[in-house]
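Pasting the structures in now, so scroll down.
There are two complexes below, and they share chain A, which is joined by chain B in the first and by chain C in the second.
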Partner chain A sequence: MPSDVVAAVDQTAASTLLGAAEAALGTLTKTGSGSLGPLGASYSASASFSGGTVALSPPDTIAIDNLQIDYSLGLTLSVDLSFLDFCIPQICIWTPFGDICTPKICFDFPTISVTVPFASSATLSADFGLKVHLTSGDWYVDVVIESVPALDLGAAAVLLLAAIGSAISAALLAVPFIGPLLSIAVAVITAAFGLADVTGLLGPIVSAFVAGLTFTVYKQPQNFQVLPALPPYNPAVMVSLAAVSADVQATDKNELVLSVDI
Partner chain B sequence: MSLTGTHHAFASIDERGVNRALQAFFGARPHYLHYGSVPFVTSDSTTETLVQTIAFPGVPGGIAYAIDLTIPTTDLYPPDGALPPPLVLGPDQLSLTTEATITIGCTAGQSADGKRGQVMPVSTSLDVIAIGHPVSVYFSPGVGYVRFQLDQVLVENVAPPSLQAVLDCLLEMILSAVLSSVELPFNIIDVDFFKLILEAGPTIADNQIEIWGDVS
Partner chain C sequence: MTALDSRVIGIGSCFAHRFSSPGTLQYSLSPLPSALTTGADRASSYSVTVSADRNDRPPRQYVTVRQANGRLVASPARLEITAGDIVVWSADRTVPFGFRVRGTIGSNVLDSAALVTESIYTHAFGLAGSFEWADANGSDLRGQVTVAMPDAAEGHERWLARIGEGALVHVRGVSAEPADLQIVVGQTVVWAVEDAPGVTITDASLIGIGGSAASAGR
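What follows is the complex of A and B.
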């Protein structure tokens, strides 16, 4: 039996609905930790999505091309400077009055935290599926990514590598007594990791936002308000959305079709 | 043929959906179906609407009356069955069926003390069939509604023809007034899937009301 209510959009309008869903999704945040070569790294990251063009394929595939992800990182690296530790040994000079000795002086360098702010963007193209569910009294039609595509983060990784080097240099300048050792320290630390390590850190962070990416294109309460209350004698008019389904139908053009029984 | 056609968005509600929407509307706001003067109705409420008695010289307080309608049921084109002549349901039309009960407060006759007697309700129930068509009222994207405009009303099984003409006209006025309050907001036709920019419709075909447009 046909549904009571049928609402359909073509690919152009579906792209418009996607834009609204992206805005509704807002900014996502994640925190975590990883490693950058021998260095420990923790991060807080945020990301948002925009753009993209929709191509509909029956029975329920929504391909989105050129979806942009804008992300920013607050990367905190833990740099152990103990490899710079050194001591000035005691030196004694003989005099007729006895030896005069300098004290032994040791310099212990701390573990410092280096914060690296970074922001960039990437684009992705992927197939999404349709998921309809009733949760906590609300009907949802979600567009859910089917698999995480490979993200081209090469250029961003190069920039992040440079940003990390700059941040480490700046942080080391503030370390007492490091002056003569600064260039050595920077060289040793930045040599400890390379572009592959940065890519290995950045990739999972960005991919975490893409994994399970879900845009909600429809959300309405099952107890649906048709008309608001108009006091004193007109209560709100409600209907129950008994069943909701969504699919992609192909005729002379492909359409995303929402079917509802009331 | 695609649903959206030359447009980007399409929405429709079928006959069952319209009837359920009407049930929801009149179920929540039954005062649109029940009208009466004192003593049948004493005040406005969610369930009833108070109207004035019909003033008439020599009838103290006027002629009391009440009109009660059942929730109309619709049949969208094409018709489920033949309508009583001369009604014919054409494309883009719908029929509405209701039962109208007209009651008057009869005070004819006099009591023993020379005063008029108590008001005695006298009622008749009439089967009413109307034909109408949908019209849209559009304000802004997603904000608007479809309502029904009557084209013809027929009260069945009434004779003589002059009485039928009177009742047809009376019920057409009443039904038109009632239906002027009934709205099918866009949000029940598209269930808020999108904010419709209305470009075409409403039309009635294949037992459903259809509208087209773009989305914002």
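What follows is the complex of A and C.
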């Protein structure tokens, strides 16, 4: 039995729908923690999506290529500086009142927090499935990513590694007595983790935005009022969408087809 | 690490005094420059007894100040020295901010926040920069310490040797010699105060006079 309403969009129009869905999705945020070698790391991250080319593949696959994810991180590292604990030796000096010797003075270096701001982007291509659901009185047609693709974060990880080194150097410069030991301190700290550790930290943060990625391409109240657009004006009619389905159909070209029963 | 301020002797700084004449100093410790009153002096917990007789004791004695149960504690609480000896007070790592020594010996007041004569303040500089210092009690006494990073080409061993060398500023009245001093990070400056009207050695930026060009911790 044919549906009461059938709407179809081709791949070009589907790409337009995707753009609108990306804008509606807006900026996503996440916070969490992890580690960078021996260093504790916490982060707040945000991401947004743009672009992408839609390819429709029957019966229900929407392939999106070159979808761009722009992300930014506020990474906070905890760096325990106790390995630098330092003593000023006893100092004896002549004064007009006789020689004075100061006691040996030792300093406990603290654990400092180093904040590393970082922003980058990546592109991904993945297959999305269709999910139709009625939630809180609204019908939704979502396209939902089926699996998280491998993201190429190599270049970003290299930049992040450099940013971490710079941030640690800047933070250490503000710690009394570390200045002359700065090069040693930075070398020791940054030797404790490498590119693989940075990638291991960055990958899950970015992937978390991609996992379960959902774009809503259609949303409609289940019940809504309809008025004729032109005279003669009849009384308003309440329309109830009893069922909504979506799939990709191959006719003369592949189309995303929405079928509605009233 | 505390600020350059003789009013609050913290880790990295010392206060010292040469006791030239016999007598007994009764003194108290305070975490704030202005917290001690004359009344508090009468309740002083600690003492330095100065005798005229020379003995086998070394000419320098040390008092370590620590914090216990929220209170500043001097150890040893009572000290016996000989006239001409120097006593050095310093904080250990339990003292969060610093301390002030104030007491009386005979009719004279000994106060680390108002240095008069035969008093010494030391401070180790941990950051590079230019540090103007002045008297928080309002005299014209002032000077500057320029702290440079050590020459990396000289290596760390040379730097470690240099931080074992102190630099002296001799304060007479309200003038300092030298008024401008150059040191490297980690070195200690010793101010020896003589015939002064009760002065402090205080980072000028803390008292709204001039400013210092380093970002944190002196």
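Note that in this section the second predicted complex is superposed on the first by the 235 of 262 C-alpha atoms of A that agree within 3 Å, B and C clash if a C-alpha of one lies under 4 Å from a C-alpha of the other, contacts with A are read in each partner's own complex, and residues count from 1 in each chain.
Rule of thumb we're sticking to: contacts are C-beta pairs under 8 Å (C-beta built on N, C-alpha and C of every residue); 3 or more make two chains touch, one makes a residue touch a chain.
Quick caveat, the model's predicted, so the values are computed rather than measured.
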item	value
Partner chain(s) touched by A:105 [first = chain B, second = chain C, both, neither]	second
Larger contact residue set on chain A - chain B or chain C	B
First (chain B), second (chain C), both or neither touched by A:2	first
Which of chain B and chain C A:10 touches, first, second, both or neither	first
Chain B versus chain C as contact partner of A:183, first or second or both or neither	second
Partner chain(s) touched by A:171 [first = chain B, second = chain C, both, neither]	neither
Contacts of A:94 with chain B and chain C, given as first, second, both or neither	second
Chain A residues contacted in one complex by chain B, in the other by chain C	none
In the complex, chain A residues that touch chain C	88-89, 91-103, 105-108, 174-177, 179-181, 183-184
Of all residues in chain A, those that touch chain B in their complex	2-10, 12-13, 16-17, 218, 220, 224, 226-227, 233-239, 241, 249, 251-253, 255, 257-258, 260, 262
Residues of chain B touching chain A in the complex	1-4, 8-14, 16-17, 20-21, 24-25, 28-29, 31, 44-46, 183, 185, 187-194, 208, 214-216
Residues of chain C defined as touching chain A within the complex	1, 11-12, 14, 16, 18, 59-60, 62, 64, 84, 86, 88, 90, 93, 118, 120, 122, 124, 126-128, 149-150, 152, 156, 159, 163-168, 170, 184-186, 188, 190, 192, 194, 215-218
